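Take a look at the structure set out below.
When the chains are written out, they are named A, B, C and D in that same order, and each has its own residue count from 1.
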Amino acid sequence: MSTPATDFNEREFVICQISRLVDDKYIYWVGGGGEPMNSVLLAKRMSAPNLQYLTEDGCVGPEARVPFDPLMTMIASPANYRALQWGTMNYAADLAQLGYVDYGILATLQVDRYGNINSTVVGKYEGGEGRRFGGPGGADSIAALAWRTILVTDQQKRKFVERVDFISSPGFLDGPGARERHGLPPGTGPWRVYTPWAMFGYGADCQLMLQGIAPFVTLEQLLEEMSFKPAIAPKLEILEVPTEEELMILRTQIDVGGQVTDRGRWIELKDGKYRFATP
Amino acid sequence: MSTPATDFNEREFVICQISRLVDDKYIYWVGGGGEPMNSVLLAKRMSAPNLQYLTEDGCVGPEARVPFDPLMTMIASPANYRALQWGTMNYAADLAQLGYVDYGILATLQVDRYGNINSTVVGKYEGGEGRRFGGPGGADSIAALAWRTILVTDQQKRKFVERVDFISSPGFLDGPGARERHGLPPGTGPWRVYTPWAMFGYGADCQLMLQGIAPFVTLEQLLEEMSFKPAIAPKLEILEVPTEEELMILRTQIDVGGQVTDRGRWIELKDGKYRFATP
Amino acid sequence: MRILEEGKADYLKVDPDGYRASVRDHKPHQMVSKLMTHKEAVERFVRDGDYLAYDCNYFQRGPSSLIREIIRQRKKNLWLCGKFTYVACALLVEAGCADRIDIGFIGFGPWIARAVREKKCTIYEYSNAVITLRLKAGAMGLPFMPARSFGGTDGFQHSGCKIVEDPFTGKPVLLVPALNPDVSIIHVHQADEFGNARVFGTGIAHAECALASKRVIVSAEEIVATDEFRRDPASTSIAHFTVDAVVHAPFGAYPGTVQGYYASDPMGVIEAMGAMFRGDFTEYLKKHVYSVQSHDEYLQKVVGTEKLAEIRRRETIREGYAS
Amino acid sequence: MRILEEGKADYLKVDPDGYRASVRDHKPHQMVSKLMTHKEAVERFVRDGDYLAYDCNYFQRGPSSLIREIIRQRKKNLWLCGKFTYVACALLVEAGCADRIDIGFIGFGPWIARAVREKKCTIYEYSNAVITLRLKAGAMGLPFMPARSFGGTDGFQHSGCKIVEDPFTGKPVLLVPALNPDVSIIHVHQADEFGNARVFGTGIAHAECALASKRVIVSAEEIVATDEFRRDPASTSIAHFTVDAVVHAPFGAYPGTVQGYYASDPMGVIEAMGAMFRGDFTEYLKKHVYSVQSHDEYLQKVVGTEKLAEIRRRETIREGYAS
C-alpha cells in the first residue's frame, strides 16, 4: 500500500507532501481550491479521517463528496456535504481571529524571503502597469490569523523573489516584530513553503530556510529557480515521493479531471533514480 | 363594540391608552413584560392585526399565544409563537441601532423632567445606601436607539422627579444636543410618557409637557403627584376611557391572571362622572 | 481618535492575544468525547475567582442544574455576568459563591443590596445589550466594539466603557471592552458527545458565550449522534471545539422552560422569586440544592415525575423546535 | 487612542446617522407586497453611480439573473463590492456599467487591467474578510469595526482602513470603515412576497448585505407563503423590512449552482471564465444578455429546458437544504 510511486508529476508530488502534514488533531483553514484543497481531501482519505477543515464560506468539517465540478470548492453541496456546521464568511474569519485555526494552507503567485505573499500584481502597482491578479481573497485572513501558515507555490525564479512586488497577505513583513507592530496577533506567521521541488521553513530571523529537497532535482537546479539564495538547513532532508496509494486516490477520486495536477512536469524512476521524464 | 367602559382600573386605563397608539405600519421594540407588552398584545387583537414587534431575545413579529405564564414573555414558546424570525439579543440591538425601531415601549421606576429613566437605584448610589433595583436591562438600548420612546410609569411624587437619582437609560439627559454629545444617534429620544392619570409629550426644550389628563383626576391632583411642575399644553386633552371591548380582551385573553393589572386603583362611572371607586 | 470620556470602574482585563493563546493551548481542537456528570464538569471547569457567564437565566432555557451544582460545590469569589436574569445572581451571591456582578438586568432583592452595603459584593453597571455586545467582541477575538447606546447614562460612569472621537466621522462614539469570561455555562436542546450543540428558538448569547469563553460547559436536554448535526449543519449553534464539557441534563432548566420541550413550572418560578424578594434563600437552597447530591436525585426526590410529566404536557407548541 | 497609520484610498463615506435616517424614511417597515419583475426591480432600485454589492457570485448562488438585467439596462458608474467573485466584476466593467471596484478577490482578466491603465476604472484594495467585516459593521449600524488582519499589507495603503492605538490594550489595532452599499442584490432559495427570505447552506454575507444596504433586491428560486416562515422562524435569513423588491427567479444563479436545488453548468462556467481570461465578453454579452428581453426568455431560448433539467438532476444532495 505504501509503495513509492515510479511515475508522477510535480503537482502530485507537492500535494502529497502537504497532505502528509495534515493531522486530525488540528483545525485547518484551507484556501479556495488547487493544491491546498486537494491536499486536505487526500489526507482525509489517507491518514486523517476525522480531519476538521474550514473554508471561507464558514463550512466547518465537511465530508466532501469528490470530485468537484470546476470552481465548486465552496457554496456547493458536494463541497459542503455532511459538515458539522454551516456558517458564513464572517464566521470563518471570527474563528481564525479567535485562534482556532492551527494551520492555514494557501497557494500563492509569488512569495519572498520573509514569506510575504503577492496575489495582486507582478510588476508596478501604480498606474496599473504591472500584470494584475485577483487580490488576496481569503488568503490575507489566513496568513494573518492562522497560527502556522503552509504556503504552496511554483519553483520559478519570478515567483520566488527577494521582495514581492506587492504584499497582498502578510508573511513576516520585514522581520521580527513587524507583524505585531501592524496589529497582527503575536505567535502567528509563515511556517512552511512547499514547491514541487522543495520544502522551506523559517529561521529565528524570520527568513526562509531550505529544509528539504525533492529527489529529482539538485540543489543547483533549485537555487537557479530562486531570485535569492536562502539559508540552508544543516541537514537537508530528501523529500519522499508519492506512494502508489496516494496517487490512486488523488487521480481516481479527487482530481479526476486533472484540474489541479495537469500543469506539472512528469517525473519517473529510471535506473534507480527519480528524474524528469523526457517527453 | 366601542362602548366606553364604566368600571376599570388605573392600569387597564394606561394599557388602553398606549395600545391605541400602536399601528401596524411601524416596528416596535417592547420592553420585557407589564404594561408595554400588554399594550401591544391588546393592539394586535384590536386595531393592528399585522403588528410587528420585537423583543429583546431577537423575536421578530410573533403571533403570541396568550396568556403567558409568569415572567414568560421571552424565550418561551407561547411568546415566540409564529414569529417571522427568531434571533438573539445582539440581533435585536442591531436592528435598533440601524434605525429599524420606530417606537420603543418601556415601563420604568422613575422618570424626570428630561425623560431620563431610572431603574437602578432610588436614593444614593454610592455605598449601596439607596434602594437598589435590577438595572436598565434592555431599556437602555430601546431608549437610546428607538426613534421615539413611549414610557409608562406610575403617577407618584417619588417616581416623577426633577432629576432622577441615577440615569439608567437616557432621556434627553440635560437638554438639546446632549444625547449626540454622548454618542447617541440624532433624532431619537423620549416621545410620550404615560401614567395612569396623564399623558405627557416634550417641548422643543426637551422638557416634559403635560398634554392629556384622565377624566377621573383633576389637574391639581395630578400636579400633587409630581415633584416638579411641567409645562402644560395650551389645549389639555381629556384622555378617553377604555372601551368594553378592550377590557374584555385584556381581561379574558391577555392579563387573565391579573398579573399586570391587579395593582391599580378602581375607577367607576357614577352620576355621569368617572371617579375613583370607594372601596 | 481622542478619548473623550471614560468609565471609572474595573472590568475584566481585555486581552485578545492572551485569549487566542488560551484557545490554542487549552481548547480541545480534536474531536474527543466530553460527556461527564454535572459534578465532574463543575469540579474541572469552574474555579474559584472565575468570571462566570451563564446564558439565559434560571427560568428561561438557562443552565439551572449547573447553577445548583456550582452552589453545591461551594465555589467562591465568582464574578458574574448578570445579563437578562432574575434570581440566579441573587442565589449565587446568597450562597456565598459570588462577590462581583456586571449588571445588565438582575433580580436584586434585599440580600444583594445588603452585601453591597457591607462591601461583600461589588457591582459594575452595563445594560443587557452592552453586555452581549461585549461578549460579541470577545467572540470575534476583538479588543472592543463600538456601540451607539449607553453614552450619557450614569451606568457608563460605573463601567469599563469609553467614548472616543470616531476617526471616520469625527463624532463621539462609545466603545465597549470585549468580554472573555473564564467560564460559561450554557443549556441547549441537543448536543453530541463532542460538544456540537443546538439551540432551537430565540436566545440571548449562547453562540457568543461559547466562542468568547476560555472554558465552556454545555448541558443538554438530549444527547444525539454527531450524524444528526451532519445531516443539518445549519442548525448547529455551537461547534464542538469551543466546548470543554457536555453534561446530559434532562429538565436542566427546571423550574424554567426549554422552548418546545417543556413549560416552566409557575409554582417553582414563584417560589424562587419569592425567596429572592424576601432576601432569604436559606430554605430554598436547602430544599433545591443541598438536600440532594445530583441533578438526577433532585428530579426524583424534589421535583418528582408527576411535575415533570405535567410541565412536558403543558408545552404544547412544537413548531420550530426541531431539526 | 492615537491614529498610527492610515490607508490613503477613497472609500464610500461612513455615515451611520445618515444610514439610520435612510432606514427610517425609505425602508418599507410595513408588510407590503414587493413582488416585481427583474426589469422593474432594477429600474426602480439600481441607480447610476450606486455602490452595488452582490452576494456570493456568478457561479455560486449569486444573483446572476439580476446582474444580467443590470447590464441589459446599461446602468452606469457603479462602484462594485468585489468580494469572493470570479467573472461578475469583469462582466460589469466590460459592459460599461462599473468604474470603481473594492477588491477582496475578483477574476481580473485583461479587460479590467486595460480599463485601470486607461484610468476608466479605479481599484481599491481589501481582502474578502475585510470587506465582509465592513459589511458587518454596516449591518450593525456602526461606523467601524476592529480587525486583527490586513495590517502590514500593501493593500492597507490602498484602502480606507486605519491602524490606531487600542485604548484598552495600548497595542496597535486595525479599524475597517463600515460599508453601507446603496444597493445589494441577493439570490436566495425561498422568499415570500414581503421579502422574508431563506438561504440554505453556507454563504458569504447575505444577512449582512440585507441589513447594511439602503436598497435591497432579493431574487428567489421559490416564492413561498409567509406561513412557511412563521412555522420555522429560525430559518429566516433576511427579514422583510430590509427588502425593497422580491423577484421570482427560478434558476436565477445560472450558470452557477444553488445548493440543494441545482448544480452548476460546468460548460456555462467555463464559457464565462474563458471570455474573462481572453478579455472579451462581446460574444458572451450578446448571447447571454442582449439577445433576450428577460430572464424567462433567457431560460427558454438560450439555456433551454434540457439543460435546466440536467443541472437539476445533477444536484443529488438534498440534505440540509430545506426547512
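General observations
The definition used in the following text is that a contact is a pair of C-beta atoms (placed from the backbone, for glycine too) under 8 Å apart; a residue touches a chain by one contact, two chains touch by 3 or more.
What you see is a predicted model, and the numbers here were worked out from it, not measured in a lab.
Chain B and chain D have CA centres that are 41 Å apart.
Taking the mean of the C-alpha atoms as each chain's centre, chain A and chain B sit 60 Å apart. Inter-chain centre distance (chain A to chain D, centres taken as mean C-alpha positions): 29 Å.
Counting only residues that touch two or more partner chains, chain A has 59, 80, 82-83, 86, 97, 185.
Residue numbers of chain D whose C-beta contacts span two or more other chains: 16-17, 141-142, 147-148, 171, 173, 201, 231, 233-234, 319-320. If you draw each protein chain as a dot and join the dots that touch, the picture is not a line, a loop, a star, or fully joined; it has some other shape.
All chain pairs that count as touching, in label order, are A-C, A-D, B-C, B-D, C-D. Listed in rising order, the residues of chain B touching chain D in the complex are 24-27, 50, 52, 59-60, 63, 80, 82-86, 94-95, 97-100, 102, 147, 185-187.
Every residue of chain C that touches chain D in the complex is listed here, in rising order: 1-3, 14-17, 141-148, 162, 164, 166-169, 171, 173, 175, 177-178, 200-201, 231-235, 319-320.
Listed in rising order, the residues of chain A touching chain D in the complex are 55-59, 65, 69-72, 74-78, 80-83, 86-90, 92-93, 97, 120, 125, 127-129, 131-141, 144-145, 166-170, 173, 178-185.
Residues 5, 56, 59-61, 82-84, 86, 103-108, 112-113, 116-117, 123, 125-130, 132-133, 136, 147-156, 158, 163, 171-174, 201-208, 257, 259-260, 263-264, 266, 269-270, 273, 315, 317, 319-321 of chain D are the ones that touch chain A when the two sit in their complex.
Those residues of chain C that touch chain A in the complex are listed here as 16-17, 19-24, 27, 29-31, 139-142, 196, 211, 226, 229-231, 233-234, 236, 239-242.
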